[in-house]
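Next up: some structures, all given as structure tokens.
Both of the next two complexes hold chain A, though its partner changes from chain B to chain C.
The block that comes next holds the complex of A and B.
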């Protein structure tokens, strides 16, 4: 509602929808929002630690990019987050609220871990990796498809259905963690495979061995990112997704089978999230736990939404968020706060970015100033 | 017999946490706002109450339980309202997407609570575990005379006052939404804000108030968890987050009726703790049992969508922001 203050029937401030806003202008608003958020965070950091915020931001930067190893880890984690966000993009573009990425990632990771544990020794590496890739995608796809079937058939609320599917996946993971526990009593699975063979680990791209660079993680995710971009923008399927997202009735009138589009798109969305689980297990943690997804399924929702379904914009936002996370973990350990400081900083910055969308879509008109831009 | 009693007790205590959460969320959702920030709000309610009690107990010469209780109750409710205010400002005034804002609030709330919870644990020194024994004892007080009335006394009376407060609030909210004039207006806002606006109901005011007060009630769930359930301590184990999502699930289970949420909450509690009382379960298979509340919610969700009874459906404008000029 636009009425802020009444005087002679004309409100002091009116809100008007912008017809169009140039892209640089829109980005200027977003950058401004991030800067404002960093100022607010700086004040908060100062209040908590009494330290010079500039110094704190410097050590944040050190935490994310201070050494070669840290830079690779930052890139690796950005890619996992990006992969999930890219997976969500088709679903969100169709206005299908897939809140279930967390679960889809977990089942993908679970299948990957199972393959590593049970058949890791008996397959050649390339075949094992392909098998894990395909199976994790299939597992994620199933997890995504179930709510879509019910949505297509009976219009069952997908937001809440996918949310519940997360917890089914979490309990399923807890079950297998308890079964695969190693060493006994630790309630963790430990590094797999057990024989130390590293069968099923994503290898280095630039050198021999493992865990030095994460080039393959980056390549896999960037290929998926480009593919989904093209799928959404240039394919017939992508067009149908856009129409369903704009208006279900229009889609039906145009002869699009809405239910089919729901199921097909969620199959794809879940599959990509499942692949993110494969990357998280085979390419990063080499173990499985209920925190393999680690809330990234939820963070990715925000990434996908803020990027307006443009998968290339998601690269920037994923990098920003992971940078913040790594930086905040660094300041937490350096200045004796705990890791949760990163969630607070992330939350504040997201609030500002979310809020800034308003000033991109609408403008304020003050009384007596007619058409002037506010 | 005694294990049955303790199962029922565990279920009721567990249910109370999510009953607060879901009652608040029902009030919020009736205004058309789907606030997925419930876990964050419960976190904020919990830590605000705990921190208040901690500072009161460490500064007062002779801390008194009732004073600590009142202070922490008020601060907890207020802090949760502020969390709701952040959500309201972003979604109502700035028309941000509700799901995204809610999820961000969950991240933020869990961060704030665990940051300060961890710091409080540090400040408490010694064993590194904060404890507000005096206030927590006041929260957990019950009448021994009533609780001594055999099994019934144990099942019905052996709880702190917030168990009964949760029931009273749920009944009151149901009455308020269904029977009062203001509640009727609120439902109109949630079903069709444009129609409500045309009938000169102040849509913005209703949405703000319902969301903030709803958040306040949800926050009490977090308070009950810290003060009673884990006896005035803090644990950064993410339990509140799980319970917060269960509260969201309970809203669906109760099909937006707070009274139905009462037995729903206790049923969730029974399902959640059932594994503990079934013999022969391994640690692994007990994890499968903990799936039950979520599976049941999914089944309810499907059944509700199958039957399409009008009174069981979510508010029609749920999840959408309202912009008068868009009509």
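The block that comes next holds the complex of A and C.
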């Protein structure tokens, strides 16, 4: 019989689960992870491009917050992303994998654009805005409801279903882009409305006119964020969502109609994503194209997961992601770097943030050290 | 030391902690070749953890392990196999879609091509030697629980293990199957193998083992020779103090029919009749036991009454209210039933998968069935917080506070929360499935006591159980299910263990119409 001999055989590193970690301690680990990520990126930047990393970081910051206009754009884009992530939160909390935010945003935007085009001139601003808000929510809600109905009735796979709904939304949009093409041959819709009246644009909150600040975007999204937080945490519906997400059997045992909760929650999830489409069109781009959602429906999934479906945490995460994106664009142009170089930085930072969750849940024990007692 | 004198396995001062929980605290243990050692302890006393360190699943924080007198380090199950240590886990580690033979050789190193004939021959040789019956070509999904267990043992022997660890091997077996298992284990002992059995059933310890090692709350209490000890002494070692083994059984007070189940049939998704024309009644002030091998329709029976199962045509479940008028429960959902004013409480088998929400705290779990009635849009959490506090106090639930997720609590405390909530609803019918499964003796008695209290209050209690001794001591009548049919309903005061065990396994072909009452 062979035997393994002592001391050599003890594993070098063992992974031990932590029992509990205080909140400040956990956040300290996350902050440390970001700092470490910046250090690693700095080394990489220097090794690959010979550039001074401090200058690169400074330029990233300038890209996101360098001017008032840039700051607004960063905030505006964060809010749109946040709105989508907040919309996903109820569905994800229910363990209903809504991959269809992209399509829900798009149909919301499409309806908004249609209203601006066709009735923009004939309605008072406030009524038009309310109408666009409601209709975009309704359009997104329909897009969210359809997969939920099928799931409730025939137990279809919601991941595939919501994903496929995206393509319908994209095709629908490209049909209308072709119809509304302006100027002819451009394959774009151009700024709407055409008469230059800016009817249906979300007005500035802090200053006169348009495009100087985007205060309304921020107010609308933050109100939704707080409302969804309260809805999930304190309402009876939120309670039902949590039960269904944990176990369908428990839900049935408790007398909860699982199908009804699916449909109701997806109605809400889709509606909020539809509103994000309204904000993207009326409050930012003032046009519609197949890239109005621009992949943010998928990025929002990362935001929702990183925030563990806590809508307030999502504010920080979406700010961070948009900051990285804007900074990356800036350094790409300023230092003549390839687009990929900036994506590498984003990737490394995200990797460290996600990796830090491991160290929050586990700790490492090295051979011969502290292995006796926790 | 020569290997012959040395113990097959010796563990010295083994310590293992999980976070702040000390699962094993300086535990010492030894087992010799040619003996059966019982490892006895309540749930959560660290038996399985200790054995997992022998089989390479966990690595000890501290302490030493010797095999045949030589210090060893076991880092992985592969290391354990090399040392001849094989463990049969409580939850089988088999691949359903593979055959018995394929499972046996799975993960073993060897040449690219399997020599099936040689493998089959080896398996047959092992079976003949110890008296197993295994069909090497049978797929695992076609096997009964006891066949799977046999296969696990053969698998371990095939890999050359001569030190065998069995983790609660009888938990899933009928009395007859248990006897067969014990005779096989004795054969292995006589063949010179060292066998360790993890258990918390005293009569099995007395029956099968040569020595008994006792753990209490992760601490090693001692080892005694079985022939020099008694169940009473072992209980004292296990519990730290003597407890009476008698379960109270008050006489039923003017029982009336509360539930009348007639021609109840349920089909599974695979279109198999899992309940076949079940007839019985449950009475007020009485505990009706339901016995049967696991998976004989117990789950479906309770779920059908609770409104969670689709039943076949012709099924009827009548509920008699206090005024004696019958109401049909078939076709109603749980919410309909509670809206009819039927106070039906149900402690399901799957506590965290059906009865409770693991990630929610104690207070939120208390309102699982009542959240609709408190507050309007926002749920009023104050009543459930009060109830949670009350349950924690009255049932002595060990928890840091009421805002701890129930998943973090131990099995016994989880069950106390669930039973506490169900009883707090003032039920007229209380159904429980495997209410004491996995619980230690103290908690089990708490549960028995709670059920008896409900019975004395006039509740119709239905108790699905697996331990015959408990069923016979706690219940008034026992309904024995066999393959989805009611095999008999017996008087628990006069029935014997053997009688019920026999009824669980052998379906009476002759239907005795008026056998009950």
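Remarks
Simple rule for what comes next: the second predicted complex is superposed on the first by the 329 of 374 C-alpha atoms of A that agree within 3 Å, B and C clash if a C-alpha of one lies under 4 Å from a C-alpha of the other, contacts with A are read in each partner's own complex, and residues count from 1 in each chain.
Assume a contact is a pair of C-beta atoms (placed from the backbone, for glycine too) under 8 Å apart; a residue touches a chain by one contact, two chains touch by 3 or more.
Computed from a predicted structure; not experimentally measured.
Look at A:67: by the touch rule set out above, it reaches neither chain B nor chain C.
Within the superposed three-chain model, A:52 lies out of touch with both chain B and chain C [touch as defined at top]. When the two complexes are overlaid on their common chain A, residue A:207 makes contact with neither chain B nor chain C. Using the contact criterion defined above for the overlaid structures, shared-chain residue A:305 touches chain B, although it does not reach chain C. In the superposition on chain A, A:168 makes contact with chain B only, while chain C stays out of contact range.
In the superposed model, more residues of chain A are touched by B than by the other of chain B and chain C. In the superposition on chain A, A:17 makes contact with both chain B and chain C. By the document's definition of touching, of the two partners only chain C reaches A:239; chain B does not. In the overlay built on the shared chain, the residue A:150 is in contact with chain B alone; chain C does not reach it. Shared contact residues on chain A (touching chain B in one structure, chain C in the other): 1-2, 16-17. Chain B meets chain A in the complex at residues 34, 36, 86, 90, 94-97, 99-101, 103-115, 118-119, 197, 202-204, 236, 242, 245, 248-249, 252, 282-285, 287-288, 290-291, 294-295, 297-298, 301-302, 305-306, 314, 319, 322-326. Remark: chain A residues 1-2, 15-17, 97, 99, 150, 154-157, 159-161, 163-168, 171-172, 174-176, 178-179, 295, 298-299, 301-302, 305-306, 337-338, 340-348, 350-351, 354-355, 357-358, 361-362 touch chain B in the complex.
Residues 1-6, 9-11, 14, 16-20, 230, 234-237, 239, 242-243, 246-247, 249-250, 252-255, 257, 371-374 of chain A are the ones touching chain C in the complex.
Interface residues of chain C, counted against chain A in their complex, comprise 15, 17-21, 59, 61-62, 67-68, 70-75, 79, 82-84, 306, 308, 333-335, 338, 346, 348, 350, 352-360, 364, 367-369, 371-372, 375, 377-379.
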